[in-house]
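Across the two complexes that follow, chain A remains constant while its partner is chain B and subsequently chain C.
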Partner chain A sequence: MINVTESILVITLLSVLLSLGSTRLIALVKIMALQGIMVSLTPLFLRGDDSLGSGAIIFFQIMILIKGLLIPSLLYMAVKKIAIKREIEPIIGYHASILVGLVILIISVFITSHLRLSLPAGHDMVLITAITTMAAGFFLMMARSKAITQVIGYLMLENGIYLIGTALTKHSHTLYVVEFGVLLDLLVGVMIMGIILHNINSAFDDADTTLLRRLKD
Partner chain B sequence: MDTFVFSLTVLLAGGLFALLAFRQFSLMKAGYIALTVSGSLIGLYAIKVPLVDGTLVTFSITWLHLFTLSFRLDSLSAFFLIPIFAVCPLAVFYSFHYMDNAAQRGRVAVNYFFLTLLIISMALVATADNVISFALVWELMSLSSFFLVMHDYQKKTTRRAGYIYFIFSHVGAMFIFAAFALAYSYTGTFDFLSFADIPGNIKIIVFFLALVGFGSKAGIFPLHMWLPHAHPAAPSNISAIMSGVMIKMGIYGIFRLYANLGVTDLIFGEAVLTLGIISGILGVVYALGKHDLKKLLAYHSVENIGIILIGTGIGMIGIASENMVMASFGFAGGLLHVLNHSIFKSLLFFGAGAVLQKTGVRHIDQLGGLMKRMPTTGKTFLIGSVSISGLPPFNGFVSEFLIYYGAFHGLTLGGSSFIFTMLAILSLAIIGGLAAACFSKVVGVVFLGEPRTEKAAGAFEPGFTMTLPMILLAATCVVIGVFPEPFVLAAFQGLKSIKTLHLVDVNEVAMIVGNLAFAARLFLGVFVFSVLIRKFFYFKKEITEGATWGCGFTQPTTKMQYTGTSYAISIVDFFRPFVHIRTNYSGISRIFPGRTTYNTRVDDIAETALMDRIVSPVLYLLAKLRWIQHGHIQLYIGYIIVTIIVLLLFI
Partner chain C sequence: METYITLALAIVTAPLFPGIILKVKAFFAGKQGPPLFIKYFTVMKLLRKGSVYSTSTSFVFKLGPTVSFTTALIVLLFFPFAGSMPLFSFHGDVIVLFYIMGIGRFFTVIAALDTASPFEGMGAAREVFFSTIAEVTIFTILILFYRLNGSLSFGEYFTGETHISPMNASGALLLFVIVALFMVLLTENSRVPVDDPATHLELTMIHEVMILDHSGPDLALIELGSFYKLFFYSAFITHIICPFTFASGAVNGLIFFAILTCIYIAIGLTESIMARFKMDLVPQFILTSFALVFFAAILTMGVLQ
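So, the complex of A and B:
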């Protein structure tokens, strides 16, 4: 029998590696949509046989809507609107990035076993995925020069934080409220970054963050 | 308390009205003034009961389910609320003609809104009854006044002044919070009244930490640096409120903390007295050395805070040595001077604002002859000047007399108290003399003589909303000076909140004040009589008028007049080790000398010391770290990761 939770986590991990290796922005946005949906689904299957309250169901629906649809479409619009000419432009190359991703994976397995938390069965896998996602998000922010990739790295980081929350906490209603607040922040953050991206683009004719160096005093 | 809260609500409604109605400039100003004045009048009515019979009124609200914000209106609070509710509406009224640039109506509306916040937060500071509510409203007060200073934010000097003020007010607030935190760690409650339970040596630390904080707000000498920057930068009605009312909140903090700690050690009195002496003398000396009208007034605030602290220090020494006559009169003089200073300082700032608005210059050596062109402004300014110099029959004399009276009672003490009391009397005398010298300089150079520039020659009297507050304040100066009894008794009533102080009998106070009032009336009578005699003798005689300083010259020039520098430099020179005077003089070398230049400037030693000893080394060190800011976003994110990892490892 296929364990649904583990399949979801594997897909998440694969999406992380794929995003590290992807050369095209549009592809990256699509991967993020997939990752967002997977991450939002994880707690649903992790809960096992507890019954879901109606509030939780509405929450998960909104969550999937925002992470899987709304934010990716905002990103998609941003990519189209500012018509990024050159694609991702890595500071660290694609193959090296994937290698780093694998190293991060190993380290997070090590960290998880090292922490020796008394987690319920299956939750340690979530924790591994969470740490990997988070670290990869950070890496993506540092290793790419386009401003939009930074936004995507930030989203990935938030996915990782959400997964950590899922792995470490008992599911109670208040957790969703907090997560929902974070989600709104994220949404607003993406919108603002869209505006900033547009401004960077019009000021420098490119959304390359290395050009921002000129702004320092 | 209901009336009090209602008055604050009316004030807040005024501020919101200004924001909403800013498109109709005059309507906005008129509505705002109406609401603020009525709110303040209600506030004055609300504090009447606690001030007269000392009943307490309290109210509290819960905030964030965790904290209780409680407020308490006792007689000390009520006394400090008088200047807030009396001076602020006048300053608001004054702004009708002062802020007359309709192009900036949005900015004026924002200014009004923050002014409302400032008034409300000051009223709440004076009534806050626990640590949390005090910290909250104190911060609100600092921030709203910061925005008021930044009114002309397009000017670079204004921004600089605003940032200096911001830094000083927040460093000060940090010290106050540290003091509160220390107190909390011993008492475990947020209540102010529990401060009495702290162990004695901790009380000393708490008091002095808070004294730094309150001192930076009040403008005690080494912490006064924001005053001469912020007051010239802010609009004049704002300077009047900040200098007349807001800095008194620092004094209120010292009074309140002293009352709550219930300490009777000698060290508190001696420290406060010493700070008062230093601020008083150096404040007035720097005021003599400065020739920017508003900067000069700012230094006079430092001086008057010094006088208030001298009174407070005398009071504290009196309590420590159980000489209650000395204590009562010292505290009462200090407290009454709070009220008096708020009256004549706002009057002087209103006058300075009128001069500034009509001439556009702040440097006194470019003015002159304004008494003929702006008679109301000139005469009220003169009354304010005489009051601030502490001369009878005006109000400054009354409060300084009370301090003198307390101090002379302290001369019976032995040991160090005797020396401190003696020093207090001497420095009060010096301060009074120097203040008179300084204001004879200001009035002489600005209002008398002949105009030195075209701008001064073209000045005329400002609108009635500007002159009316000045007339009212000048009248108050005279009223307090000639009929001081109710005001002195109000100050004594305010002191009832200090539990360690056993006030002297009311009849004794009434007798002394009665004698004082009689002397003031006699003085006024002599003055009026001599004016009448002069009129009588000159009646129907031919009087010819020539140019001022004409002195029989055929070609008089305005340059023959005394300048501010030439008048004051010899006095300032006397204090040279404490005052930096920099002189540039090109010298005269030939028989027919070429163009000669001479200029002096007086630098504040506290400011130069801060720049040389603290700011420059810190800047030097920080410049070495500039490579951290390189402009790579990717590496900035790296910093964040490194920080998180380090924190995870160590915590």
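So, the complex of A and C:
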């Protein structure tokens, strides 16, 4: 049998790597949608044969809806509205970003094997994916100059944190309630970001954060 | 017996599949497209013609097509099509085979340089540059496979006791390999995001520009060689997707050709929905494929030991 959990995690890693190398914002948003869906599917398959309560199933479905559909579509609208097609001058180039992605992966494998956490069997891979996703999101926030890419980096960071949560905890509803609260914050954040970006763009003709730094009172 | 049948089938049907790519592209363009057997017609037409040789070329130019065709054919002899035993096999043959393909490319390149045409020199430089990077990916895949099943030959990869299969432990990592190998396939066979086989401008060509001076039977040999190369890469991906361990040889063969057709359709799809990259984006594309396989290699070392 194909190991479904591992496949999902591998696709998540794939999306992390592609997001580090992609130049077009629309492609980046699509990759984020895929990653969101994969990340929210992970706990479903990690549980194995335990019976799922109806509450948990509803939580997971809403999670997929928000991470895979709602947030990406808001981002998509923002990208369309401010008409940026690609990141022209990233602070760190794309080749270098991919190499950094490799280094991040090596470090997270190293961290996972040296933390000696008492993880349940098969959760090693989840922790590696989680740390990689988190660090890559953090890197994306630092390495790109457009505000919208930084928001996408923040979303990736959140995906990583969610995965760490699933790797470390025994599954209980309370965890998902907390996660759900975070997700709601995120959703509101992305919405506000869309509105603010639109305003910045119409006021200054550009949404590049390096230009915003020069603003004075 | 099965070996000979599958090998013969592979050699005979290889020119059929590029016709499928053309059909898919024609479908997306809303055209009827050329007939499926177009490549057979092309090859037969070319074989009937005579060759024209420029007075400025030497024997190297005539050697190029023959060597590149032969190398492509040799590789097929070592490949276990549809899970049958390969015709030849020895420990370490993958390394030899990838370098034999390197020889084929080398002779195409020096034949191109021999014509002393500036365009062909340019194409040769690009071809060599891109395939050098692609080689890194291929050898990382070989390292990964060695870690997964401890062998270094196509026969042992796909027919032995511990054959490579997505069903095995750490089989999920093969997802990386499939994606990366598909990217290498597009690069090595000069398909769309890297090179456009249908372009008409010498300045933007990579592979096509190197064979502009060849004509008649020489061109037919080059074309056949490129069909075999594409067939080899597609068969490689097919075997990674599905290990052919079913009881009957006929079932194996049917599934093999079904998946193979899907891969060619995927190539056609890629060509229909993507534009080719700017030249400076191509190394990044190939490096991404390397990064994917390297990811997988790291994961085998860290976790799944």
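Criterion: the second predicted complex is superposed on the first by the 210 of 217 C-alpha atoms of A that agree within 3 Å, B and C clash if a C-alpha of one lies under 4 Å from a C-alpha of the other, contacts with A are read in each partner's own complex, and residues count from 1 in each chain.
The criterion applied here is as follows: contacts are C-beta pairs under 8 Å (C-beta built on N, C-alpha and C of every residue); 3 or more make two chains touch, one makes a residue touch a chain.
Predicted model, so just to flag it, every value in this text is computed and none were measured.
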Overlay on chain A: chain C relative to chain B, clash or fit: fit
Where the C-alpha centre of chain A sits as vertex, the angle toward chain B and chain C in the overlay (nearest 10 degrees): 160
Partner chain(s) touched by A:Gln150 [first = chain B, second = chain C, both, neither]: first
Which superposed partner A:Met141 touches (first chain B, second chain C, both, neither): first
Which of chain B and chain C A:Leu14 touches, first, second, both or neither: second
Touched partner set for A:Ile128, first chain B, second chain C, both or neither: second
Touch count on chain A, higher of chain B and chain C: C
Overlay on shared chain A, then closest C-alpha pair between chain B and chain C (Å): 23
Complex interface listing, chain C residues touching chain A: 166-167, 169-173, 175-176, 179, 281, 283-284, 287-288, 291-292, 294-295, 298-299, 301-303
Residues of chain A touching chain B in the complex: 91, 138, 141-145, 150, 209-210, 212-216
Complex contact set, residues of chain A against chain C: 1-3, 6-7, 9-11, 13-14, 17-18, 21, 23, 94-95, 98-99, 101-102, 105-106, 109-110, 112-113, 124-125, 128
Sites on chain B touched by chain A in the complex: 629-635, 637-638, 641
